[in-house]
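Chain nomenclature is as follows: A, B, C and D, assigned in order of appearance, with residue numbering initiated at 1 for each chain independently.
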């Protein structure tokens, strides 16, 4: 894989998920510790920057106008009620360990499960001549998987980095690794990715 | 739920999946028998037609020009190599039990996991003023789930009918029912759906 | 037309176009004066607010990361070179006369000719159950027309308000009014629109 | 321009437009003769095939189910009433002079002004690694221009071939050539295109 044709998609490494004070921390706390998600994500980001990959940070954004208009039920409804990922709030911010650099893209307006929904991510990948889409973040079996499938349907070479992802339980994490990753072409560790990049 | 605002999305009830002579039958044979998928899907279709729902049949379509252009890996790659879901072939046809009626939509060009990818399904739902998207078919944890997530991100009220779906194993089917359906707002049996429609 | 099902799309009423100090003012100065665009747009906005229409402000946004990635030529290239519509700048701001109210949508990320390109405008219209799309702004024959065509292709009832639009010359303005508006179903004056709304 | 990265988009060279027995022939008859559209389009196609460009034929398709669902007004409404471009009909067929070859793409489902609306054209261009989008066909100021703008917004290098296009009058054709083509980066004759390709 050429680094310049490889995008690293980092999904929802925000305080509300990653920080002990965050509103969704309790949901992922055990798996964050077991999987060492943040440590692996930091290593992924450091190495990908050094190799020259294109880094795309994808925070989830919630705003009142959207809530008003979009009568969603299900998983996103809970976020609306609790002011989670609300722009301007501390909980919405990307964690210090993975803070975006000046020249990196911070995707605007991710408000769906897939980072491609309602955003210009498809155009960003197209314009930057990306071929490989590498995904890490939260939750492994929801937004990470939904984003991976969208990228797959768009014809990209897609790989998850499970050790830099996090789900609500080990059982769920294992399910994605064993049942979903193979359908995308396989998963990679950070080490394996870095070795494969040139 | 108003029947006129409810779309029944039937995914890949094609000979290659459903018929003992089909090229993917072996993959789903056990679960088809255990879950009674076809019987439930037939009941779903019969009742939904009677109520006046909008029926949308979504066959998967493979063609050589697309293969040539789209260098996919992963789950779809295997289909390319084996001439599965190839238009004009018997394996591509929707099974007789669920054959589309004249006035029903047969979605053109489903070539991705999500039925929304590369098709005009979003416009069809929009133009027909659909609010509720009910999904059944194959595979529960791949195309059915990917389509459900796309519909969810587009703001629809989405429900799976697990007893009219089919996965490659009971474990996978159970995973979707317990871990994914709740995030969409819950699942329904055919009976529950029909009672809810007016 | 029901006001609640009617969106007023205001395109690029920003200082760079409308204010004598703006970087593109010279291009439209004569037509702004002749057509009384701002006065008509102000009346359109006031009346549409009073009727309860849904107001969507669509500023054009230029940023360096996008320039870097998108090697466009043509009309947008000139903007890149001259730091026009650059976010954070005075030239990017919507003019005081038409300043958005708290509850109104300000579309994020319009970077193409059509306000639908790379934005979530399609979802906003869908979620808000819009049927009628009313468009005013700059330039009549470029972004206004491109946005109108996208909305038409999405199945909306589309109307331009030519007296609240502005082109680079009367000849061009006349062309759109006589050759393009009829293909969309006709144009409206502000008065005609307000009479038609209930 | 590399030929392999160049797509030739041929819009609506169908009997209903091009043939004296076609239902829309009267609309374009004079300009077809003056501009020698078909002769230029044939030369464009012959040379582009010889050079190895990727050819994409884009017929307009009308069907009853779409009409039923899509309550369009304006220019497309007239087509619905008159059974123009109806699939299976002679009027829908691409003219013999420009008949698609086996390995060329015939776009499915163009039902809007832009060939990108409701079709997978964006994915086709992306998968085939296209950089240059060359457009010819009908009508210069409607479907050709709408398609050109969509391609421009997607970041392609877009060129119209005006001598292989056709509008309803010379005045309209001249407007597109003088006012729109420069905003896209200029127009080309068939000769100029062929010289530029390698």
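Note that contacts are C-beta pairs under 8 Å (C-beta built on N, C-alpha and C of every residue); 3 or more make two chains touch, one makes a residue touch a chain.
Every value quoted in this text rests on a predicted model; they were computed, and no experiment measured them.
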Once subunit B is fitted to subunit C on CA atoms, what angle does the rotation have, in steps of 5 degrees?
180
Same-site or different-site touching of subunit B by its copy subunit D, using the half cut
same
Of all chains, the one whose CA centroid lies most distant from that of subunit A is D
Express in whole angstrom the distance between the two chain centres, defined as the mean CA positions of subunit A and subunit D.
40
For the pair subunit A and subunit C, the C-alpha centroid-to-centroid distance in angstrom is 34
Of all residues in subunit C, which are in touch with two or more distinct other chains?
70-71, 118, 123, 127, 154-155
Note which residues of subunit D are touching subunit B in the complex, please.
65, 69-71, 103, 105, 108-109, 111, 118-120, 123-124, 127-128
Subunit C residues touching subunit D - in the complex, by the definition given at the top
70-75, 112-114, 117-118, 141-142, 146, 149-150, 152-155, 157-158, 172, 175, 179-180, 182-185
Parts of subunit B lying in touch with subunit C, wherever the complex brings them together
123, 126-127, 154-155
